[in-house]
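Let me give you the structure first, and then I'll get to my questions.
Order of writing sets the labels: A, B, C, D, E, F, G, H, I, J, K and L. Residues in every chain begin at 1.
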Amino acid sequence: MSDHVYKIVELTGSSSKSIEDAVENAIGKAAATIDNMRWFEIVNTRGHLDNGKIDHWQVTIKLGFTLHQ
Amino acid sequence: MSDHVYKIVELTGSSSKSIEDAVENAIGKAAATIDNMRWFEIVNTRGHLDNGKIDHWQVTIKLGFTLHQ
Amino acid sequence: MSDHVYKIVELTGSSSKSIEDAVENAIGKAAATIDNMRWFEIVNTRGHLDNGKIDHWQVTIKLGFTLHQ
Amino acid sequence: MSDHVYKIVELTGSSSKSIEDAVENAIGKAAATIDNMRWFEIVNTRGHLDNGKIDHWQVTIKLGFTLHQ
Amino acid sequence: MSDHVYKIVELTGSSSKSIEDAVENAIGKAAATIDNMRWFEIVNTRGHLDNGKIDHWQVTIKLGFTLHQ
Amino acid sequence: MSDHVYKIVELTGSSSKSIEDAVENAIGKAAATIDNMRWFEIVNTRGHLDNGKIDHWQVTIKLGFTLHQ
Amino acid sequence: MSDHVYKIVELTGSSSKSIEDAVENAIGKAAATIDNMRWFEIVNTRGHLDNGKIDHWQVTIKLGFTLHQ
Amino acid sequence: MSDHVYKIVELTGSSSKSIEDAVENAIGKAAATIDNMRWFEIVNTRGHLDNGKIDHWQVTIKLGFTLHQ
Amino acid sequence: MSDHVYKIVELTGSSSKSIEDAVENAIGKAAATIDNMRWFEIVNTRGHLDNGKIDHWQVTIKLGFTLHQ
Amino acid sequence: MSDHVYKIVELTGSSSKSIEDAVENAIGKAAATIDNMRWFEIVNTRGHLDNGKIDHWQVTIKLGFTLHQ
Amino acid sequence: MSDHVYKIVELTGSSSKSIEDAVENAIGKAAATIDNMRWFEIVNTRGHLDNGKIDHWQVTIKLGFTLHQ
Amino acid sequence: MSDHVYKIVELTGSSSKSIEDAVENAIGKAAATIDNMRWFEIVNTRGHLDNGKIDHWQVTIKLGFTLHQ
């Protein structure tokens, strides 16, 4: 454990439903190319408005994963 | 697009249900007097406690809209 | 309570006396046009110097008030 | 009201469901030993990932309560 | 001087040319409705990209002006 | 001196008079249960408004004290 | 639009001419390998001095682009 | 794991030797009264100077531990 | 006016009386060696505690002055 | 020099020994795939605790390197 | 290189033309009394408004230089 | 004690060995011209990389000292 090295990437996920769903969309997309994802942190929560309503949420996360040995 | 000017106002919405609902309440109220709302960003998420439980969420947003030509 | 929406504006008050007096001057001015003021938060405390002395304090606040139903 | 003193503690709540549920878990736990809880503020929203999915949300809050007279 | 009260508003100006031009566009627009503008501060400099090039700069400022006596 | 350990707690004091008085109220309350208080730092200055006037100041401090040997 | 995922990378561009030119150099370089670039934000503006003059500007940006479907 | 609640306290440790040693001193002291300590984060690194030299380092940490079930 | 250059120095003033008095003490000291002082900004407000009471306030300011032509 | 473009990545290194060693582990790992590394900056220093002691340090850095011509 | 010590001073330059020109004015002034200037970083970009237009830009920089051996 | 005024300067020290050594180098250099140094605070920890290794650490501190009576 004590000699692991992690890389952290920044992603923005979108969703018309909720903050949680926007994060899940970003992580689902990342899972296609990144193994060993370990944690995330929300750094920004925004949204796009259309016709006086929330069209979609845009949530930016930092995502940490273990670099392969 | 490239010559638009936007104004940004700060609002706090409340809800007993969720963070998303508090944001929607702030935007619904703003929609009564502001046209052309374009985006928002959450700047603070707080809540009021009563009898050891969350009574309501208070979410502060910055809200951007296009100034009329 | 749980369905209120608040607006937050930013003001700078001045005073040759004290930080508290500068805040009161900003709030006194705001009270002429804003009802239902609820809270403030100091975001910056500066001052103007003249002849090696403090000429006046300049205190910037965020001021929150209830939007009319 | 004007002579109250409040203490603020920092807690992290967890939930596999949502950000709101993680906050409620932290507050529910605190309610066992703290009376007169008044407000909270989210200071950090993270999550633990397992097998390419969100295993649980971890939300850190500041929690304010009135010190007994 | 020492009893003035200032209001601060937040604006985003756009320009395909430069950061300075985006600020000038925001101020030119504000000048149509605000007298006695005194200072501004840049709080954010962003840009929109199209076809691999900068389409326009988006500069957000805080703009301070004297409230009428 | 070089082997001391300090604990830091966060408190909000209130006062209808001044920022300094609000800090003193928080410290006076803390003195009832904490020995060896060493320093404080203001982290936030807010206030509650009532009828267009400042009803009371609310000042949040970090308060450091020596842990008993 | 509402189901897009964006990645954000951090780059520093240099230029002996201007802040804008340093940003354009970073984006021009990125365009060689990244499609669908959407926005940038300046996070830091520095410069290298030589012989008492500005030798070149160094501007760090966050650059957002759409992840391929 | 997903239903744990953690408390976070803030401590300052001192050492005439190193930053690491100051953190260890704070944690060693905390271990006397806190079980289940899980993580820490350095929030501030200062030092006291005497006779033109570093007399001791003062490192402030946030320390997280599991609240008993 | 538009070709002036200002230097900004950081000072901490002390006072057993008030925040304002601590700032004035710092500026009074600075006035002995600096001409053309123009403005200040409070960056930190701390205090030293002795016997459960505030012994003195320590206020750190940034102080701007015109560099001689 | 003045036309270089740099990329900045974020890494977390671990070590049971020291902060410096954790940074070196992150850089050693990065050196396997990145040429022309130029500078780093520590953005966060944390640690994992086990049995009341520091098990390993976790240091997050931003790492800058020259993009190939 | 590895045993150099640098001092960092804070300056505000002004210009009616541009941000870059305001930085150059500050550096040109500093060059009259400081040798071995190495780098700068912009910490604040403001401006003074007169008659609804930008009268001059005011850019604050941190300026680093090598202390003489 | 309560009427002292302190000045704070910003320095960057370098070392090929450790963070602590870089701070000591900055303080050793400052001791040649500054009496009555009282405290320091680390504001930034960077490093220069050469050939895939840390060539030297660069640590920026704020250094406080008593102004002569």
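Points to keep in mind about this one:
Criterion: a contact is a pair of C-beta atoms (placed from the backbone, for glycine too) under 8 Å apart; a residue touches a chain by one contact, two chains touch by 3 or more.
Given the structure is predicted, the values throughout are model-derived calculations rather than measurements.
Annotation of chain D and chain H: jointly contacted by F, touch as defined at the top. Chains that touch both chain F and chain K: I. Residue-number overlap of contact pairs with D-H passes half for only one option from C-E, J-L or F-I: C-E. If each chain is reduced to the centroid of its CA atoms, chain D and chain E end up 38 Å from each other.
Averaged C-alpha coordinates put the centre of chain E at 22 Å from the centre of chain K. With centres set at the average Cα position, the gap from chain A to chain I is 44 Å.
Chain centres here are Cα means. That of chain B falls 22 Å from that of chain C. Within chain I, the positions touching two or more other chains are listed as 9, 18-19, 48.
Contacting chain pairs (ordered by label): A-B, A-D, A-G, A-J, B-C, B-D, B-E, C-E, C-F, C-I, D-F, D-H, E-G, E-K, F-H, F-I, G-J, G-K, H-J, H-L, I-K, I-L, J-L, K-L.
Against chain G, in their complex, chain A makes its touches with residues 9-16, 25-26, 29-30, 48, 55-56, 60. Looking at the complex, you find that chain K touches chain E at residues 18-19, 44-49, 52-54, 57. Across the interface of their complex, chain K is touched by residues 1-9, 62, 64, 67 of chain I.
Within the complex formed with chain L, the chain J residues making contact are 18-20, 23-24, 27-28, 31, 37-42, 63.
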